[in-house]
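Following are the structures in question.
Next come two complexes, and both contain chain A; in the first it sits with chain B, in the second with chain C.
Showing the complex of A and B:
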């Protein structure tokens, strides 16, 4: 089914899907992934589930929004949406992004250049609803009709018609989570219209005004982080216990005595990891400890609640939640009187701390914040650690996390390290600020309810998986072991899911991990291989 | 919230089939949860994983590090996937009656 979806259709025929999408829509992959029958089928929403939750967009359900009790409840939410729509355009209610939002409201010339830049639209075989401009156009028409003066009488003649109703807002809500906020579309726009920002602002509207947000990001993300100290559920005692285990494990593995310092006052560096690393990729915090100790850096972790988890999911959906977590991070640094905060290998943490939080971290709260990538570059080229790059003599490619590379412009430090330490380093095409998102950006990687994981990994990850395979096309067989370096927890989660979905470790010998693991693997003092081609 | 018949009783589950009330868990519930994960019979090896997860959860109120699970049970991650095809988080934790793991894991 490939019928066209027009913008005004979003508010019509609420009991039908606006579009239908499935694995059959996806383009080809190189062998041995070229047989459509080998592509795993997507889970379908069963009738019982569809009775309970809203499923009216594309047959995929990321958000499990409960069906309304009655028409009055529908009306209540539509009213709240309208109130939020107005607030987005008011300086007193949108202190973060009003200016760029207004520019993106007024200046789109509908040239559709951005469509080709979007990996979701491309992978879907060109579904209208996934155009970066589709969501934005819905928003523009709603603003012109329902917010601007005389909109109800004239807007439809100038900007096109649209109805604001329960169907419109529920489809739009779900549609906001079919975009990874990678902002490749914004980069492609000849006049700088930012469709990614519009999606972000809509997510924010839903969260701040209607109380609608993915439970993985809000209830089990930000709220859990505020309650126990981490979105993973680790309280301070558990995180210290886990790091002690990692220290022992790394000592055993490398023969180097690994010790993680805690709560050291006046340290040069407060390192804040994404806490997911501790649970899922312990070799990453372990490798950081080995490198920082070997380089003689005066560093520490914090065991303060939230001070050991750099996650700030509010970046993806809610300015208030973003601000609450950002303040906690800075309070931790102030309490320890450290010189600066270094962000671990986590993309959204970089963006939240390095730029967006600037709006609130003024005056004496403006503590220096730096990417781990620049610190690692200084260390690697300082001569303090001896390396033997021949230990990394296997094909390595680099995934550029959107938030670190396209959105912050940190492009070269990680590359200079890889060119030095990995003799077979090769770029993906395109790369750097033009790179494609992993498909799990903006929190999607941690969302997998109902059949959403199928969509995220299969459709969302299609372009990235093809890029990875192409980068290793000279040695495709499983006998040659290969490494995708992805210095971001969220991207690693998505790339892990992609590689497992296609059994790419068995079929192509591809594993994945961060940057620090490659650095440690090349250290002369580390006698045993640090990287293992095992499922992890 | 959906309910499902597990171990001969109605138990609340989330959209991915994780039970919501950890105290509703017993061995019969685990056996039925395993079937939803494509595991027809829970062997001694399955129980080794499930029991470790359960004990850790009751003490710390969350799932353990995957590496701790592997080290304590002696299984490699691949072997855990062989036992629970959806893996330690979505498969083994579900059978052990833990909530779905949270955060960037």
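Showing the complex of A and C:
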């Protein structure tokens, strides 16, 4: 297959893949991961699946879009797409992001400066379809040809040609989920054009007009959350039960009486976790409870539906789903009359609640919202808890979640804690606002359908895994245990999958976890080690 | 060519430039306020901008005064505008052509301003054409500007046509932009070599200011000015307006980190936008042409709906 894919090819030869990608395309990793044969092969889409769902982009299927029944159905969706394309550019329908979108539409000079900033493009060995500019240019040409006046007559001469058909929209839909919205490309752009935003807006078009969205984000994400209270499927009774078990486990493990307060009115802090923590990493909400109780913080969790789950996948694909969930979070806080909402260790929750929703929380919906990282920093340096940093005397590196660091500018609080409590803390390169995404951003971390997990972990996570290995290059063997601190649920999920994929605990002694676990591990009052060197 | 026709065409081209430039700039400035979409680093964050930090790093940030640093923002802008800092950092290969092109333009803008002032002074009787230092200075700025600009335009054209990374994304419009720039630089350089550039410019500009009452020979300087006016008239319709757009992408998007304050003007603007009817048609939104943003965000959501 020809490695070069031109922009206009997206609408052509719909029965073929636009490009092919596999583990053989990935760049080298340091030993002991340097042998290509050690890389697990990617799962192939079987013929039965290919008959059922659209598979025409790169041989990877994240979205399981059913094939259309007939040409009429194809045409119907193409018409809807065109209608959505127009609505994206209307102030009435899309005031939320219209200004940045129009600026990115009209002023990209196509210098490709952003390409090398993208970890997906870099890891793929430079596949054209993974350029941050590729999907943007597809969209741009579609707008100029099909939305602007006289576009069909002149646009192909001025802006380049493209065809709008079923092949175009299905490939574009799948391609929208090969970007993690990390916005590293936007940071590199000299003009300020934002290809991440364009991806975000295209996802919105598909969701808000065609009703197309990944099951993991929509049906099992925001819709399930709105229905039962959490995208994990836990209703209030189940989450309270689980937390009760966690309290018991934590009490047993630490010898400290751990009690999570629920629905306390007039508390200073309403803490909202990503509910995924409760199921996948129970030590995280447990550690929060230990720290907040030890520091004497007047805090509470809420058992209101949605009020106990900070997840808001609407951020990634649908403005209205985002708003619906954000409003529920605020209503919960208002009902309890708390002073402020604290975001748990969840990057997209931070971004959804602290900045993106900020301007829709008007009038009495306005309530202070703060990162757990600033509260934790305040506690750690308050002197209310005694620490022994020698308990954390093992190599620790920090992953910067894009949504907390690049998008919100919360860079130093977590570092000040780690420099104080972890004698062997070392940075990844690059780090801070220049960090690389884990590869699971924008909802990809919870998407594993068909063979997408192979792509996400192997290709999407390639650059991050290399960064982690490089950070520990001075002690590469498995005899020295090492910790990747990732204060974000989705990043943790992706890093877990990467480390498991490469068997990095066995081969290099690397495990991962959040920030609060390191804080509790360093507490003098916690007699037994809180961190366990296992893959969980 | 008749002198008066040249004058009329010049006025027309300048009028198109001014009108289209204003319309397009106002259109950019009039876009509705959007949701926050800031991107670090935000240089005006006092004491934090250098590493990309923001006021959200402060414990209970809403209880503290916002501290902004105008000098830090101005330094960032100066380095970005004059030296194309981000291109230097992220795309060095292109910088070697893009920087000369832009810097050449800056020199020519300065030179043009000096010539305009000189022409006006000449009209009120100041003998500017006798000032050798002025003549030499204008010639130096112009020569360097045309040389750098021409070098940059040729380099960018060659890159666009030969670099495999750029070729697939290079449209006819991009090539036309560069060709017009090159024509402007080349005709200007030729005018310096083949004529009395300084005197020719003063005479042509005087004819423009006096609506053709003074006479000016139709020469290579006039041809060069023709290319300049043609370029100016075309500029507002092209991507080259990115120098204006850049103000908005930085100040209104990347650096717009203003939190919503209850009762503020910003809040009133947002409330107006929230009350507009919305027509997105996916089934989970249930729009009817009348429901507005608030209705959709607050209504009970139909569950059990399964999009593809």
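Going forward, the second predicted complex is superposed on the first by the 534 of 536 C-alpha atoms of A that agree within 3 Å, B and C clash if a C-alpha of one lies under 4 Å from a C-alpha of the other, contacts with A are read in each partner's own complex, and residues count from 1 in each chain.
What we mean here is this: a residue touches a chain if its C-beta (ideal position, glycine included) is under 8 Å from a C-beta of that chain, and two chains touch if they have at least 3 such contacts.
If you're wondering where the values come from, they're calculated on a predicted model, not measured in any experiment.
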item	value
Per-residue touch tally on chain A - higher for chain B or for chain C	C
First (chain B), second (chain C), both or neither touched by A:489	first
Touching partner for A:230 - first (chain B), second (chain C), both, neither	first
Partner chain in contact with A:446 - chain B first, chain C second, else both or neither	first
Partner chain(s) touched by A:112 [first = chain B, second = chain C, both, neither]	second
Touched partner set for A:221, first chain B, second chain C, both or neither	first
Which of chain B and chain C A:147 touches, first, second, both or neither	neither
First, second, both or neither for A:187, with chain B first and chain C second	second
Doubly contacted chain A residues - partners chain C and chain B	none
For the chain C and chain A complex, residues of the former touching the latter	28, 31-42, 45, 48, 51-62, 80, 84, 86-87, 89-91, 94, 98, 164-166, 168-174, 239, 241-242, 245-246, 248-250, 252-254, 257, 259-260, 262, 266-267, 270-271, 273-274, 276-285, 293, 296-298, 301, 303-308
Interface residues, chain A side, partner chain B - complex	48-49, 52-53, 61, 64, 216, 220-221, 224, 230-234, 238, 242, 245-246, 249, 274-280, 282, 309, 311, 346, 445-446, 448-450, 489-490, 493, 500, 534-536
Residues on chain A engaged by chain C in the complex (per definition of touch)	4, 6-7, 65-66, 80, 83-84, 87, 91-93, 95-100, 102-104, 106-117, 128, 133, 137, 157-160, 183, 186-194, 197, 207-213, 218-219, 223, 226-227, 320-321, 323-324, 327, 340, 354-364, 366, 368, 370-371, 374-375, 377-378, 405-413, 432-434
Residues on chain B engaged by chain A in the complex (per definition of touch)	2, 14-16, 60-63, 65-68, 71, 76-78, 81, 87, 90, 100-105
